[in-house]
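Note that subunit A is present in both complexes that follow, paired respectively with subunit B and with subunit C.
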Partner chain A sequence: MGLDQQTMLTPNIPFEGDTIAQEDLLEGYVNPGWLSSEPPKGIVVPRNTRRIADDPLQLCTDHYLLNVGPQHPSTHGALRVVMEMDGERIMSGEAHVGQLHRGIEKLAEHRRYHQLATLVDRADYVSGITVETAVALATEQLAEIEVPTRAQWLRCLMAEVNRIASHYMWMGPMGLDSGAMGIFLYMQKDREVFLDVLEEMTGQRLMFNYVRPGGVTGDLTPRAEQILRDYLKIGIKRMKEHWDNLFESEIFQMRTKGIGVLTRADVLNYGATGHVLRASGVDFDVRRDRPYDAYDQFDFEVMTRSGGDIFDRVVCRFDEIRQSLRIIEQCLDGLPTGDIKAKTPKVLRVPAGEACGIVESARGEVGIHLYADGSDKPLRMRYRPPTLYSLALAEVLLPGTLFADAIVNMGSFDFCFGEVDR
Partner chain B sequence: MSMLLQAILWCLLLITVMLVCGASIIYMLRKVLGAAHLRIGPNTLGPAGILQLFPDVIKLLTKEDRHPNLSDKGLYCLAPIIVFTPMLVAFAFIPFGSGIVAADVNMGVMMILAFLTLVPLGIFAAGWSSHSKYALIGAVRSVGAAITYEVPLLLSVLPPIMMAGSMNLSDIVLTQANSVWFIVPALPSAIIFFLCAQMETNQAPFDMTEAESELVAGFSTEYSAMRFGFIFLTEFAGNFVMAALAATLFLGGWTLPGVDPHSMGIFAPMVLVIKSYLIIFLFMMIRGNFSRYRVDQMAQLGWKKLIPLTLLWTMVFAIGMRSFQLLSASGALGGIFGLGG
Partner chain C sequence: MKPAMLTEQVTAALDAAGITQHQVSEWEHLGVVARVPADAVVGVLDVLRQHEELQFVQLIDTFGADLSDLIEVTYRLRSLKHNVDLLVKCELPYGASYSSVGTVFASALLPERELCEMFGLVLSGHPNPKRLLTIEGMPPFLRKDVAIRTKEEIWG
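After this line comes the complex of A and B, so read on.
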């Protein structure tokens, strides 16, 4: 399946000026089943009888419904899953998304191009820089803006800083899901370093509004550089500590190895991206395979694992942090001089057309598709949230697993419900 | 009459000890976990936040005592008491010093373990009557856990009993004072006892009864106010009981090596408390850092590993101890340790 098709996967609402037929958009796309023409009530997971019937030791009791969320502590935001349970075993589950829906795509139709960044920040509130970059890329394609080299490098630098902060924000709670409390707070301490850099550079710790069409808003400050250089000295040592603390723990390995296994076919069919894809052996990273900004100038590896279980998903991302540190180091060493922002008009009017900004966010492949009608506001913005597609994998994972495993599974996907529900 | 008065006084004393233990362990937990997690813990009220306990207790006392609409109200109200009482009774058998023990019975070890077996019953009652699925899952898990850890727990206390030749805890302590701490000859038993004590007190990594990331708060999800307070207090009092029992069985109880047990006087209880708190400190460090077992993995650990291991070790130990005794009696070893009562 082509990446552009993934980006436009959900049938759009037909609107004036639409010249592309729905059929063309979805050509060659195999419907995985849950996406029907009717608006789905939830992601309905059919009951998997095979795995359970094969187990002769399975004690058959009355089934009951368990409502997990939206206030449940481990739903990482606001997800509601209704599970049909047999004792501790899940027979089927239905994920109800939309608890955090704020209509961000619709709101975008009433914002100027410069203002879109603040909206998408609120969608993916953990790694805002990367999503802002996607918006900026789409806008720049539409308006044909040339971005200065220094601005491109700064975008990469901040995206990697934000990626590490986001990964730490995920890996700690992931440990918490499996019961390990300490690692959460140790990783928060590391995340604090990167939040300090973000605060120094953008003035914000959460909603950055840093990447604009044409460049970025702030230059690298000496203090931010100092913080990063200090961390680069101890980074690998700190990561070794985290590794020993969480991944070397036999109980954590018992809880994650061989559990929640996704095959290569599963992840490809469901359009999963990011670490879910790479942990199942698909060697794909937008940063390397479709380089944007300055990513073609950095030397880094795309980390893949072959197992596809929870442990591989976590370790895959852990290795990504190391690669991000490498990129940050190269950014700091080779930052070119020049402007940080191209000259753009205060009110940006772009010619009619459409453009797609695709980036590798912390969670996977984010695509922002903008349709322009020649005015100063987009006609339609489509946000492809990577974790919504991971969530559809519940269909593969939930039936037959134990409740405790389902919680750790849910943690391993790094759902960000601001993004899923938009 | 004087016996009745004595009994009432002991009861009051034990309740006080339990409350003080529970409260101090809660404070300790906050500080120890805080330090382990690079946090501060309570630090505002009183020196080092030590007065934080009082507002907590006032909060628990003044909150609304509600029960879910469809709950089994009688059982729901009774359950915290079923949880609380056996733990309180268990305190009576722990010797805090020479003669400082509320009930110096010959079956001390068995009595403590028998009363602690009642605690999962109360937990199950609490979960069952709450009319909440999370509470029910927690309750069922606690019963599953109970049948996992009870057998290895009972088997692991056998070596100290064999060595002391008595089930009376005071005798066990005095035997250790006259020979060596039982952790030296029976280290595997001590380790298994420590593991089972963690399971018994629902400590991480065996805290699946209240696994907060899965079951919200497990069996106590629906409880509020002082009923929750009782469950909360029992958990920490249970820590102390198990730690004190471990100290008594394996670490010489209230005695110190090289000190005449009868001249310990007022220091005897302090020695026991310090030993127990060191064990609790270990519990807390484990609690703060490790992932949680899944309930079936814990059952496998119990049934497939701990039970065969303890059975084998106890047999080996019994044979070894008997041959050691026979050899000492025949003068071959000169009776170094004088074990066997």
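After this line comes the complex of A and C, so read on.
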């Protein structure tokens, strides 16, 4: 197929600077006419070209295989993509995943229900709170635990804080992918604010273990509330700065508008969720359509776009940050009093059955499907990774695009390979 | 859409398509679940997708579970029109051949590869029937007869 395979299989391949006999070159070659008068005695292979045995004089025009990753920084994680290239254009691409596979679903079968949160934190390591919530929801359904109202509101508050941190973590590197350097640093500065809140509330910056079956582990501290109140005063102004820096930039618009277009039929067929779905005009958000915790009590909008290109995917998430800020403000203003944890036994034994907790994580819909067999450990835990489904879409988008566009394309789905590989 | 009505409509749709031996019922915590024979799954998903009233246009998830005597495969379908989910379940014996539903829903293509490598099923009718997460020679990890640690890891 590609040049690399052929050069490996064929002996006596000349490399740059080699002198090769003419008859070697002419094997299987149809003379176009210009060689007939005076055939050269020997041909010096030009620099950086290699001969293909069955098509000797079409030097360097054949497709070649290009390995991107798994260490390449622009794949945003341990993704390896093998692309068949024609010059700079991609003819086909195949994603190879599994470099980060730790068997989290198998390990979950050997953990008690309270311990599952630590596992899923390591699966989606950027927005852990939302995934922990999914585990808690599924367990609470099985064990029939009533969660106190204050705990539900705190879950929503922390999920939105984490969502904004995750979105800024993604949007800055989107700028890097498309040629904007500075925006990454500005967005990291904003992300730090939310990481400070998470650190204050949970003690951790990434692996929170905050949401447990029955409630949450920590109450809202005065310092965390102060940080959030301070940020809410400047949040919209900061977002306006980001908008001017990144989205108003001509380079960013040229790199993203009209590129990587996904139609409504595509995203439905490939099971996309989250911003990929909403950027292509499908109006679905788990927080609004399948409300969990306290989301039915907040006033927020589901942001959709109609274009389905990279620009729409980024802007869709940018608008989500604004909605998350609205939810945070409502949470802080209306936080009910009461307990933050229901009384649950230390070793939770749930009756046999199945339950599924569905949440809107930062990158799409996460579903935790638990099979219980009556013991203190689940029989099976299925983690539905939203970005695994986006990965199939990214593969579909690759053929026919330029390599530089493919990098921005893959970035726009926000892969998290802890989650894809589990 | 109420679960009772969904049960009724799915039953009617499957009956009309000539699919026998199905059992549609409402489960606790899960909503409506349709149990169908394994060889009819592709047909069932196709019927539910094409159905004018129900419109299950999205296959949200495909996964399996080892129930110690058989492998249960579950598909989660979603109808955006009615904002409702439907679970389709089928049962396969160990080591059986699993036929791909990728022709109906492309979203199954990657999870099916994972399903088959993790439960030791033989993937058929798939455009790229390779392993997804592990390399050749690895045991089917999510089966109950595969231990989490080998004897060598425990005893050295």
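We adopt the following convention: the second predicted complex is superposed on the first by the 361 of 422 C-alpha atoms of A that agree within 3 Å, B and C clash if a C-alpha of one lies under 4 Å from a C-alpha of the other, contacts with A are read in each partner's own complex, and residues count from 1 in each chain.
Note that in this section a residue touches a chain if its C-beta (ideal position, glycine included) is under 8 Å from a C-beta of that chain, and two chains touch if they have at least 3 such contacts.
Model, not experiment: these values are computed from the prediction.
When both complexes are overlaid on chain A, the residue A:A352 reaches neither subunit B nor subunit C. Of the two partner chains placed by superposition, only subunit C is touched by A:R384; subunit B is not. Contacts of A:A404 after superposition: subunit B is touched, whereas subunit C is not reached. When the shared chain is aligned, no partner comes close enough to touch A:L206: not subunit B, not subunit C. Looking at the shared chain after the overlay, A:Y371 reaches subunit C, while subunit B stays out of its contact range.
When the shared chain is aligned, no partner comes close enough to touch A:I234: not subunit B, not subunit C. In the superposed model, A:F284 makes contact with subunit C only, not with subunit B.
Measured by the number of subunit A residues touched, the leading partner among subunit B and subunit C is C. Only residues 94, 97-98, 101, 103, 105-107, 109-110, 141-142, 268-273, 282, 284, 289-290, 353-356, 365, 367, 369, 371, 379-380, 382, 384, 388-389, 391-392, 421-422 of subunit A touch subunit C when the two sit together in their complex.
Residues 27-30, 57-61, 63, 65-67, 74, 76, 80, 83, 105-111, 118, 128, 131-135, 141-142, 148 of subunit C are the ones that touch subunit A when the two sit in their complex.
Residues of subunit B that touch subunit A in their complex: 33, 36-39, 133-134, 137, 140-141, 204-205, 207-208, 211-214, 216, 287-297. Within the complex formed with subunit B, the subunit A residues making contact are 64, 66, 72-74, 87-88, 175-183, 185-186, 189, 245-246, 249, 251-252, 254-255, 402-405, 407.
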